[in-house]
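Both of the next two complexes hold chain A, though its partner changes from chain B to chain C.
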Partner chain A sequence: MEARMSIGKKFIHDISHPILRWGYIFVIPGLLSYLLFTFYPTIRSLIQSLHLIRGAGNPWVFNGINNYLDIFKDKIFWGSLKNTFYYVALTIPLGTIISLILAVVLNSIVKARGFFRALYFIPSVAGVIAVGIVFSWMYEPYLGVLNLLLSKLGFPRLNWLRDLKMAMPSIAVMNIWQTLGYNVVIFLAGLLAIPAELYEAADIDGAKPLRKLLSITIPLVAPSMWFVIINNTIRNLQVFSEIFVMTGGGPGHATTTVGFRVYQYAFLYLSFGKASANVMVLLLIILAVTLMQLRFFERRTQVEF
Partner chain B sequence: MKKAVISLVILLVSGALIFATGGQEEAAPTAAAAAEKTPIEEYNHSFAFPTEKIELSYWHVLGTRPGFHDLAQEIGRAYSAIHPNVSISVREIPNAQQRAIWSAAFESRTAPDIGWTEAQVGLMAKALVPAPDWAARYMEDLFTPYTLSLSKVKGKYYGWSGAEVDAGQMLYYRKDLFREAGLNPDNPPEFIPDLLEAAEKLTKWEGGQMSQAGIALRYAGGHQGIGDKFSKYAAAWVDTRKNFYYREDFTDVIFDDPGWIEAAQFFHDLVFKYKVTNTTLPTPIQAFGLGLAAMTNRESFFAGWLKENAPDAEYGIAPLASGKAPFGRYRTGAMPWLALNCVTVDSKNPDVAWDFNMYMVNEENELRIAKNNGGMSRLKSAQDDPFFKELPYFEVFQTMTTERPIVRNVYLDPNTLQAELEAKLGEAAVDLLTNENADAGALMKDMAAYGRKRLKEIGVR
Partner chain C sequence: MSYSTKKDAKQIITYVVLSIVALIILFPFFWMISTAFKPNTDIIRRPPIFLPTEPTLVHFQRVFAQVQYFRMLYNSLFVAGMTTLITIFFSTMVGYALAKYRVVGLNLIFILILSGLMIPPFTIAIPLYIVATQIRLVNTLWGVIIPFSISNFGIFLMRQYCLGIPQDLISAARIDGASEFTILIRIVFPVVATGCTALGILKFLLTWNDLFWPLIMLTEEANKTLTVLLATFIDFERFVDYGLLMAMTTLVVLPVIFLFVVFQRRIIEGVALTGMKG
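Let's look at the complex of A and B:
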């Protein structure tokens, strides 16, 4: 009771203060945006997930948890869950390592540093749809440039996006390429924050480049690494645009992910209740994975998230 | 810095002005246009055409029909010349996202006044305005009975058939590839056993990979499209005069009937047993155009697509192969896809919207649309037009609409479940085409269970 009154009294005090009130005023737009575009849709999704919804002109029919049970009975859902985690497993480790290596290399370049950084960042600026379409054409088995190169080198044509086993890795390659620049920028910021004196001290002690990398660079860039991993994991668990543009969930259901299944439920089955239930399930998955990652990384770094 | 800011402001203001004044050119009203009457004025004498400014919006998904967008805008301008207070804006929405865009528009009550949409999506959302009496009379006076049957749902007209008026899917076959394989290019397969035999002779392999498929099947893209293509194969095994997805009374689905299971097994066998097709090909229309597939099933618009994109392809068109023991037993009739050019409940001016909707298919405009997009004319008066008799699919259209049984059109589903049943069917088809271990019987039983569950949920069972 005392604590609640303190908060209330503090709020009234701050609002009445000619300078302190501006903090609250500046927060309002962000708060409204959060309420309107995040909180409200989440609550509405939750309510929708408990109903049978057949389009605009039909009343909602309360369905309890049956939408969730239907999803869990759908074998395509379990396949999509597997595909989603497979996609994350393909993109996150490799994407992180390549970005880190590239950042270290870029950090060591002295001449034209800005030019190379801009060059690697450009793919991140291009929209995922445009990049997906370009990669789709590159992967085209009969007309694509990749198979043209392979055939010139005497190798057989590959079916990239039409092969059950190759489709997901092909999409993962596109994602790694497209997000490289963004990750590199994060890593570069982390690298620049490492005090130069540490490297100087290491040089005095006769440390070789590899030793400096392992003992100074990687431990001190770890917070940036965890941010890249957590951020990209959250994003890639929701993967949709790449799938929609490049494979439409196929071949078969080989690239159908949980995020794509939401679209299928909503706009193929016209079952908005089930789509919302799928969204809630995805939300819980992302929440669980993120909490596990935060726990894991907090114990291994000096930084609190 | 100051100069840069001023320049930016001037640029933004100029851009805004250009944007605001862009869009449809306003047609200068002429005396001839002023004297012309639109359908509502001819068929509903008690209607007083409004004089206030009206803006109508029209959405279509026919970007794949080259020239249609410009034609629609031209028709809009001509209408505005007759009624200068009415302006029409035309918007093309991408076909691949049209279901999502329409669903969102219906849900948010921001659908356009008039639009080209899948009948079932609009009907399920209860978002379509049925034709008023005068519009129904107008269509009955102008259109052939076959055309009228494509837009009548539960006894009411909801628009005019926006998809090309054709026999639905037909068999396209590459005459050059037939010749190469020693097959008679003027004797396309009539029955499924002949189709299979031809497909086996037409299939080629190079270095362990299929270099030419006997037949191209739809296996990718939206599941409803996949289901739609698969179901036309099933028509050879199912008596589609009475039942297709449902029993005659629409209270039960029939996906677990022996005919459907046999059709599903055949579909699966085309890939894994007979090996006349697989899922490494490009899309069927691309594969056919590139000569990577010798046969495929598609609607009349494909002839226009081939003319535009593969003019050197030597091809023929035949009716869909019919069933004959041991592969099916029924003749395959015309099953045109149903999309409607309709008026939505979100229109603030439904009377004027219906007027424009009917104006689009007056005798002059309908001919222009049909000749541009493909398919037959909807008009009774144009049935002897030599243009249509010279179309490559004219004879097939005649055969499938007059000599074959009339198929119960799945798109006229009063339960409005057709869209999702077909999407679910597409999922089963994907499994059949990509999973060597797929159990056709189990898949179709699951399909039937799903259909029954949905019928129970909507209170039909």
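Let's look at the complex of A and C:
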């Protein structure tokens, strides 16, 4: 009985203890899955990036850092890097601001709040492929509904996805539209957690709505905001499906992102070594963003507690 | 204007704005369904019209004649369903071990799994694809299911839930002579059922909508999932048959929207809680 009661209070080193052994047994699938499907592929990606691999079944030839040198010499690679950051810059600030405003408005009403929140969330469950196909149809230059709206409002028609300058913003608009409901849900959860007393106290002090927004709402919703920004940034840095469905990287290479380049190298040019070199570049960028996130949370906790 | 009328007016404006946003959000779905029911003469009409002059089922009939829709619906359900069940079971089991067994080494494993959260799926997909071709798992549904069925995030999430299980509950069961496995099944699962449902629904939606991994793994017609099926109809060179494509998209989207309507509350709770990573 003594040994049983001690579980949960201190570490027990006796692995053969009949109850504690189960801790190791239960954790096996997690460890195996981590080793097989996270650790091993990540190391293998690095090793692959140092080899020439023509097609999935063929032998590897050691190539040193030449895959990296080759992609660094490639204009399309730098273009894809630029396009990826451009996509993030187009989607994250605007998407965050619009959804924050919507969440603040939703927070100010009582009736039908859940109804609107659910409606706004529908695009998030519909999936990028389906939604991308529908947007491609709406963006269609001759028969699409968006050009009809533009011409009715007296604006010139646009070529949307087929225009060098418009293609990326058009995809970004869809992404903002699609992730709006997701962001609103996160923000609303943050807003609902703000104690009502703070606003009451501000009312007593005669604070104006804008003042309350800047002094209470924004600072207290900041953790949700950081979560949304970092989470969406990491996801949008990996953008692939939107590009695959809506433009195939074109026109020219105007919407070729790093994620799409990985797919092109691996499955169109069957050059798995260079695909892996692209993957490693993407991995480094994402790790950098994640470290920024960790540093931010460290600083926050130091300030707050 | 009195205070209350001013307040009422403000409320009305708020609801009008929210409704306009709702219309913008829903419009693409309306347009998808409307196009799916339009005869081709309506689809190519300039300027476009909003509702079909004579609604027709011809595009849907063509979908069922041209592709094995139900076969692919089954594939999608099988892949998403199996992935979900495996995720729920193993994430809870591993999460429970990490939360409640204070034994040497488990902390290290927890840190490893946490670090795995940072690795983007791209890094994993290419090497696993090469391995899958070598061990002939390409073009099998299990090949799509296995690698992503135990997610680091799921384990992390279920560990958080399991931390909340009262230790007395487990100790009492042990004194009654229950085996550790019985405790897992009879006590742990029921207590963290909310977490299991949240994780399960989110994993199902994510797997259902996933493109990259099934796209590279499934190239044979009979094995495709619905998203891969949609992807094969994309063509940037030739004119796209939008009537057919919208009918097909409608048939792909409807099951998840139905699922969302049924589990709406749970899904939104789950997202607010987890950030929907799956």
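As a working rule, the second predicted complex is superposed on the first by the 251 of 305 C-alpha atoms of A that agree within 3 Å, B and C clash if a C-alpha of one lies under 4 Å from a C-alpha of the other, contacts with A are read in each partner's own complex, and residues count from 1 in each chain.
Throughout what follows, a contact is a pair of C-beta atoms (placed from the backbone, for glycine too) under 8 Å apart; a residue touches a chain by one contact, two chains touch by 3 or more.
Just so we're clear, the structure is a prediction, and the values are computed from it rather than from any experiment.
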item: Contacts of A:L52 with chain B and chain C, given as first, second, both or neither; value: first
item: First, second, both or neither for A:S241, with chain B first and chain C second; value: second
item: Comparing the two partners chain B and chain C, which touches a greater set of residues in chain A; value: C
item: Partner chain(s) touched by A:V104 [first = chain B, second = chain C, both, neither]; value: neither
item: Touched partner set for A:L164, first chain B, second chain C, both or neither; value: first
item: Contacts of A:T42 with chain B and chain C, given as first, second, both or neither; value: second
item: Contacts of A:Q264 with chain B and chain C, given as first, second, both or neither; value: first
item: Contacts of A:P141 with chain B and chain C, given as first, second, both or neither; value: first
item: Which superposed partner A:A126 touches (first chain B, second chain C, both, neither); value: second
item: Touching partner for A:P156 - first (chain B), second (chain C), both, neither; value: first
item: Doubly contacted chain A residues - partners chain C and chain B; value: 56-57, 140, 142, 247-248, 250, 263, 266-267, 272
item: List of chain B residues in touch with chain A within their complex; value: 99-100, 103, 106-107, 109, 121, 124-127, 207-209, 219-224, 279-282, 290, 292, 345, 416, 419-420, 423-424, 426-427, 430-431, 433-435, 457-458
item: Complex contact set, residues of chain C against chain A; value: 11, 14-15, 17-18, 21-22, 24-26, 28-29, 31-32, 35, 43-48, 90, 93-94, 96-98, 100-106, 109, 112-113, 116, 118-130, 133-134, 146-150, 152, 155, 167, 171, 174-175, 180-181, 184, 205, 208-209, 211-212, 215-216, 227, 230-231, 234, 236, 240, 242, 245-246, 249, 252-253, 256-257, 259-260, 264-265, 267-268, 271-273, 275-276
item: Residues of chain A defined as touching chain C within the complex; value: 1, 4-5, 7-13, 15, 19-20, 22-24, 26-27, 29-31, 33-34, 36-42, 44-45, 48, 53, 56-57, 102, 105-106, 108-109, 112, 114, 116-131, 133-138, 140, 142-145, 148, 151, 177, 180-182, 185-186, 188-189, 227, 231, 234, 238, 240-241, 244-245, 247-248, 250, 259, 262-263, 266-267, 272, 275-276, 279-280, 282-283, 286-287, 290
item: Contact set on chain A toward chain B in their complex; value: 52, 54-58, 61, 76, 140-142, 156-157, 159, 162-164, 247-248, 250-254, 263-264, 266-272
